[in-house]
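Contents: one structure, followed by commentary.
In order of appearance the chains are A, B, C and D, and numbering begins at 1 in each one.
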Amino acid sequence: MMTLSPFVLVSLSILIIAFTLILVPLFARHQKILIYVSFPLMAISSAIAVIAGIWSVAVGIPESTILSIGLPDLPFHLRLDPLSGFFLTVIGLLSFFVSIYSTGYCKGYAGKRSVTHLVIFYSLFIAGMFLVVLSDDAFFFLISWELMAIASYFLVMFEDELIENRRAAFLYLVVAHIGAIAILLSFGVLAGATGLEGFSGYTFDAMRQTEFPLKWATVAFLLAFFGFSAKAGVIPLHVWLPEAHPAAPSNVSALMSGVMLKTAIYGIIRVTFDLIKVFPLWWGAMVLVLGLITAIMGILYAIMQNDIKRMLAYSSVENIGVILIGIGLAIIFTSFHIPVLAALSLTAVFYHSINHAMFKGLLFMGAGALLHATHKKNMDEMGGLIHYMPWTSTLFLIGSISISALPPFNGFISEWLIFQAFLLSPSLNSPLLNLLIPMGAALLALTAALVAACFVKGFGIAFLGHWRGLHNPPLHRGGLEVNWPMRIGMLLPALMCLILGILPTMVIEWMDKISDELVGGKIATTAGAFGWLWLTPVAHERASYSGAIVLLWIIVVVMLVYILLHSRKTAIHRVPLWDCGFEKITPRMQYNANSFSMPIRRIFGFLFNIREQVRLSNATLHPSFPNRLYYRLRIRDRFWGWIYKPISESSYWISRKFGRLQQGYIHVYLIYSFITIIILLVFAR
Amino acid sequence: MSINLAAQINSIMAALILLTAFGLLVQRRMYGLLHLFAWQGLFLSVSTAIVGYVSGAHHLYISSILTLALKVVLIPYILHFLIRQLHIHKEVEQLVNVPTTMLIGIALVIFSYYLTAPIRELSTLVTRSTLAVALATVMLGLLMMITRRHAVTQIIGFLALENGLFFAATSATYGMPLVVELGVALDILIAAFIFGIFFFQIRTTFDSLDVEQMTKLKEED
Amino acid sequence: MTLLILLGVSFFSAIILAFVGDRKFAPEINILGSAATFAAGVGLAIEVYMHGPMTAGGKFFFVDAFNVYLSVLTSFVSMTTAVFSRRYMRWEREHGRVGHWGMRFYHAMFQLFIFAMLLALLTNNVGVLWIAMELATLSTVLLVSLYRTPTAIEAAWKYFILCGVGIALALFGTVLLYFAAEKVLGEGGEALLWTNLSQVSDKLEPTVLSLAFVFLMVGYGTKVGLAPLHNWLPDAHSEGPTPISAVLSGLLLNIALYALVRCKVLVDGATGTHQAGYIMMGFGLLSILVAAFSLLRQKDVKRMFAYSSIEHMGIATFAFGLGGQIATFGALLHMLVHSLTKSSIFFTAGHASQMHRTQEMDKIKGLLRGNPLVGWGLMFGVMAIVGMPPFGVFVSEFLILTATMKDAPLLTPLLLIGLGVAFAALFRRVQPMVAGLVPANQHPLKAAHIPVILHMLLVLIIGLYMPDFLSQWFHTAVELLK
Amino acid sequence: MIELYPFLIEAIQILIVLLFAPLFVGWIRMLKCWFQGRTSAGLFQPYRDIVKLFHKDVILAENASWLFRFTPYLVFGVTVLAGGIIPILSLSLPFATVADVIAIVALFAIVRFFTALAGMDIGTAFGGMGSSREMMIGSLAEPAMLMAIFTVSLISQTTSLSNMADMLIHKEFILRPSMAFALLAFVLISLAETGRIPVDNPATHLELTMIHEAMILEYSGRHLALIEWAGMIKLFLFTTIGIASFFPWGISTLPSNAAIGGLGNLISISAGIIFLILKLGFLGIGLILIETGLAKMRIFRVPEFLGGAFLLSTLGMLSYFILE
């Protein structure tokens, strides 16, 4: 009889997923039952995984096991240590929420199309993510990695009758697969450098034990970083992301954006801090710079989008950038042997990972709710929904606040920690960094501010104002609200956002073991030194923050003022808009997505490939009084033209050249053999 | 008949085979090609017989008879029959003009001599010097297949090439084991029937045996 | 004994089918024959697994781990192909693409072809190996032109001429081999027996053998379909009936590669250098690149997969050339999984083109909805063939890539370019075929599911869990090929 | 046991924030009138305005959602919270540890966020325009602000305002180029953030130039009163932040516990108040000099203005690393 342990729990949750997969064919006929059975099961298994993750991080003792299947000499190794435990928690949490949400969301498909594939690949997808963080040898890691990729590929292609979805899925799969090959190679390098014969070098344990020569370590790191960036959507490898996320069903895009990208982060951390361990300064600098570029470009692209899911996708790119900044700092500090600061930045990284999982999941679910209610993705066709979807709008608002890093919600904490890390860096001496750090801080600050702008746009255009759609302004108030499972699925992450925002000390104390294991530094001792209420990462005279008090204060003051002002009865008159005495305003006069982002487009326009067309209809008295005006705006990612187009074109060019080999003339073929043999004979002689 | 005499005769045969190979390379008329090919087969079988006599490897007689039967009688007859059936006994022009072909052919002979030089040092057989000729014949056969644009001529080139192989087998090594010889002969027989069928198929679908027409399947567009 | 059954069954069923070829029950006989062959193959495999390598028929036959697993594979795939061809060829017959004689011819030649391949695998005599190879070519030539369309005849003609020339060159190589061998082993049949040759390989004359290897390389390489000798392959695969394409690229290429590797072992033994290996690596890389980039411009479904076969043969050849434990292991595994996967891909592709009455990929759409088995079969087949886990091809490519990373790191970029381009090209084409709504020109069809499911399951199992006896075999084979 | 004394000081400070803010605005307006040779409405006009607004009824647009009505309270509350944190009278406020300067900037970000949303809520052209412009300005001003403060906090090795001020007071005074840059940047930013000329004009409803006013166009009655008041407090707070981080001298530094004895503290606090009044007075004059000197600039010149500020603050940080 085996005693209960985190590992047992996680195996249980994976077994439940397998069980779900077995059930699917039985209910394939009755779609509704299928939905009601499978998704709750997935929720249960995710919940169990969460417990396992939290537990294993709390105890902080790695457990590992070896399955009897796999390569003849390389069976599957599994390991659950604090790092994987943490990411298990993140993945589990979001997939728990999303699974609840999906029970409601997938009902939208009922009758329209079969969700059997959706269920199958959804389960496989989650299982794949669990296994990725659990796997402890290169081979099994790659298998689960690709399982995750394939499953999500099919999910992206779920609505495959649309050509753009197919294109998105294809692009996604190609990028993912190339990344996977790079990862494979980096493991190959590491395994080769262990110097062990046969397959024994492919276990992570073997890699942990070895001290890698810098040359090989660098090659491996670059390969791995490339591979994982392809999955994480680091610029310029991000192009698949804004295509794939809108294409996928919203619950899936919530998972992809919320946690699948995190598996890439997990991979980077695992390879860098756990397997390679020692690294030069410039790796950190490189990661930092890439992170900065990704963050700033990502958010700028996000602001330019009108499709709400594209916007969210680009904002994920930005968040990945922020996380990379933290990782870069951690690498730098480690290479300077300042474990405490490294721990601080790593904590920021972990904190932001879980934060992003929460609010991005919430936001994507919200976008799904919009889609579910209005069947539209384009913000310009929504508007005024706050009256029709009170729940969704409130929850979406909470998500927007959190992602805009506004206290007292969670987004602020991680951003704040990263700023702290930045401000502590002068204690190390390197001219390169002295120039890099201020720039970094500045760009991060700029990013943070732009995020707020982006989500004011997102929320404002979609939920506020009047209905912007051309036709069918929706019916009575609250008429479009989504069903309960979806509301709960969104409510829980919203609560998480708040909890993570006001109880950072406890969370940090919980996750402190990870950074201790990876870089040998703890911050919980100082972080909680001032009591659970105050977060003081390094020392209380350096910096302190208390989300709880902020929240409390705001509530109290607001209540107070409200009561004071309502002590005396003053009437509220509902009247038509005043708007500076403007006559007969129509909804078409509102600012729309394009006009909202126009000032920022003006400022940062040079970063994009923008084509703007304004055409006045000719039949007018005077050019300044056109009776019809036609406006068209096209914003393209410059990286297409810079990187992707050249690659594809050149490969087609080469293939044309190779096509010449085969002209159909049998004589020519004979000449080939003739020449081949002559050449070979000359060499052999 | 003494060994040396036999060896001399054998080398004369080799020379004749080479000559016929060149003849095949330049011959324009279909029947001429056929006759040349038959002659080559004859020389081959004779030389095989001689080698058999010299080496006392008697299974070579069998293979010599096989050669006689196949290469001198049967296959030329089949081809003759086909040519008459399909009315293709007209001039067959080449892709490369004759002088160039000759030059390339000579270059090939030199090349194969240069190639086999080290080997003949190793060999102890009286007939060792003929390996170069064998290789040359193979190469010339291949060259013929390249330069001719007619299905029948390609086949003849192919067969000439195989003659070269046989010659190599007998002269360089006093013949392969019998089972191999028989198998090869069988294969050639089947091949003969197959290209017989082919000629009809091609003829019926392309109403000409010009290989140049068969260029539908290609990559470039 | 089982060995004689193994060969005999296919031979006699060939003769029988030559007479009853077009009866209603002919396909069943075909299946029965190949099933019996497969049973015999398994029996033989068990014997070898128990008692190790053995010779039979007075050293005429020789069985060791290397060729026994190939012969089991051959008989297995030929059996499943027979199962597949039952429905497929019936459809063709009903739609008048094949006539009475065509069917008879098809069945007879199919069995003869299997016989030839098994003979090539099991014989101990390098000369007979050559003969069997030639026989395999000849028996399939007329099958390629079965449909009598101009393109079919053209393809068959090219196949016939190119492979004929190639094989002839291989014979020259064999002659040279014999020339070198008889000095050591004396005249007569003994001198061509693999068992003897492999023992004395170090005494053989290096210069002669390196010359011989050139001829053998070009000769058998033509049949393996290595660039630039590959030009016959896409034509033959795309024009012949699908079962034949399946066995051609699933089995015949393997056999040719087998012959090549056997010769390489001898040459390596003699020269003691790695020259042969380098030549093979060169051919392999060239084939991978040429095939990968040609894949980008394919319109015909079977032609495309023919190119992918060239690519994979290139990978296997490259790995054999690379040598070393992991690489050779990977190459052997790759031969196995490739033939399983590729033949099942051809099955599904064949059905797909029957459903749409065309092989043009632009006209094939909506398979997932139209016929889930064909659609998912094709999808997963392609996923497997491009080396995605958890399928077997991933394992072999994992091994080969990492081995390359270790022994020839500078070549990995080329290898990767090839793999990446092939991946993109295949998916770009296959995705539109399987996805989307059912088009108007699609007709329902009763597909033969057992072969597809069986193959894909096997590939999946090998990818996740390789049974011990298999790895045992591979390891012993690796030892043989040292 | 927690002693009440610190909280007493806290209370006094918040009271001062609430009361002085309108006074400061009144002072500025008065100065402005003098400079422009007009007769002013007097120092206490802002109070009258606020009181008047509080007594009016609320006129609410039909399609205003709960967000629109909630915003004024939130804005007011958050602003007052910031007022409780910034060391105005004493460096040792109990609330000082609640949020450091980054958090304070974030608090102002909340204000902006919700004001902008409220501007979009009623769905008028002007509201959207105001929000869009406000977010654009904010997204440039906020990082610049942070950078300016970071420069100071790098020098003083802390991000909590009180400690920064503390450092400045107790370290011997050196002229630092970085500080100069930071100060300059900070001035520019505060102009933008508090919506003064040359970025915005608080006194106009001239339609196309509005930014802040455009967002709150539809507000009326107590809502408007709260927002206006919060705006005044914001101006006041920016000034005091500037004071705390650049010229903190005069702020009471005594640890606020009874051990020192009430009297000493009382003296230092009252001294602090006097200092504060003097500083405010001068700063007001400076502000007016700028406002009367400059003309309001076109909206698309503002990015250049703020970019300049951003550049200055970054230069400040760089010069800290390079020169010091």
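As a convention for this text, contacts are C-beta pairs under 8 Å (C-beta built on N, C-alpha and C of every residue); 3 or more make two chains touch, one makes a residue touch a chain.
Every value quoted in this text rests on a predicted model; they were computed, and no experiment measured them.
**Q** Which chain's centre, taken as the mean of its Cα atoms, is farthest from the centre of chain B?
**A** Most remote chain from chain B, centroid-wise, comes out as D.
**Q** By CA centroids, point me to the most central chain in this structure.
**A** If we average C-alpha coordinates per chain, A lands closest to the whole-structure average.
**Q** More C-beta pairs touching across which pair, A-D or A-C?
**A** Of the two interfaces, A-D and A-C, more C-beta pairs touch across A-D.
**Q** Let me have the rounded angstrom distance from the C-alpha centre of chain B over to the C-alpha centre of chain D, please.
**A** Roughly 102 Å, centre to centre.
**Q** Between chain A and chain D, what is the separation of their C-alpha centroids in Å?
**A** For chain A versus chain D, the centre distance works out to 36 Å.
**Q** In angstrom, rounded to a whole number, how far apart do the mean CA points of chain A and chain C lie?
**A** 44
**Q** On a C-alpha centroid basis, what's the spacing between chain A and chain B, in Å?
**A** 70
**Q** What parts of chain B, by residue number, touch at least two of the other chains?
**A** Each of 115, 118, 142, 145, 154, 211, 214-217, 219 in chain B touches at least two other chains.
**Q** Using the touch rule from the top of the page, what residues of chain D touch 2 or more other chains?
**A** In chain D, nothing touches at least two other chains.
**Q** Among the residues of chain A, which ones contact at least 2 other chains?
**A** In chain A, the residues touching two or more other chains are 656, 658-659, 661-662, 666, 670, 673, 681, 685.
**Q** Could you list each pair of chains that touch, in label order?
**A** A-B, A-C, A-D, B-C
**Q** Provide the residue numbers of chain A that touch chain B in the complex, in ascending order.
**A** Of all residues in chain A, those touching chain B are 656, 658-667, 670-671, 673-674, 678, 681, 685.
**Q** If you look only at chain B, which of its residues touch chain A in the complex?
**A** These residues of chain B touch chain A: 95, 111, 114-115, 118, 142-143, 145-147, 149, 154, 211-212, 214-221.
**Q** Over in the complex, which chain C residues touch chain A? Could you list them?
**A** On the chain C side, the touching residues are 157-158, 161-162, 165-166, 169, 210-211, 213-215, 217-218, 222, 227-229, 231-232, 234, 275, 279, 289-290, 293-297, 325-326, 368, 383, 386, 388-390, 394-395, 398, 401-402, 405-406, 412, 416, 419-421, 423-424, 427-428, 431-432, 435-437, 463-466, 468, 470-471.
**Q** Quick check on the complex: what are the chain A residues that touch chain D?
**A** It is residues 383-384, 386-387, 397, 401, 404-407, 412, 416, 419-420, 422-423, 426, 434-435, 437-439, 441-442, 445-446, 448-450, 452-453, 456-457, 459-461, 464-466, 530, 534, 540-546, 549-550, 553-554, 557-558, 561-562, 565, 570-580, 582, 585, 587, 589-591, 595-600, 602-603 of chain A that touch chain D.
**Q** What residues on chain D touch chain A, complex-wise?
**A** Within the complex, chain D contacts chain A at residues 54-63, 65-67, 73-74, 76-78, 80-81, 84, 95, 97-100, 102-103, 106-107, 109-110, 112-113, 116-117, 120-129, 131-133, 135-136, 138-143, 146-147, 150, 153-154, 157-160, 163, 205, 207, 217-218, 221-222, 226, 299-300, 303, 310, 313-314, 317-318, 321-322.
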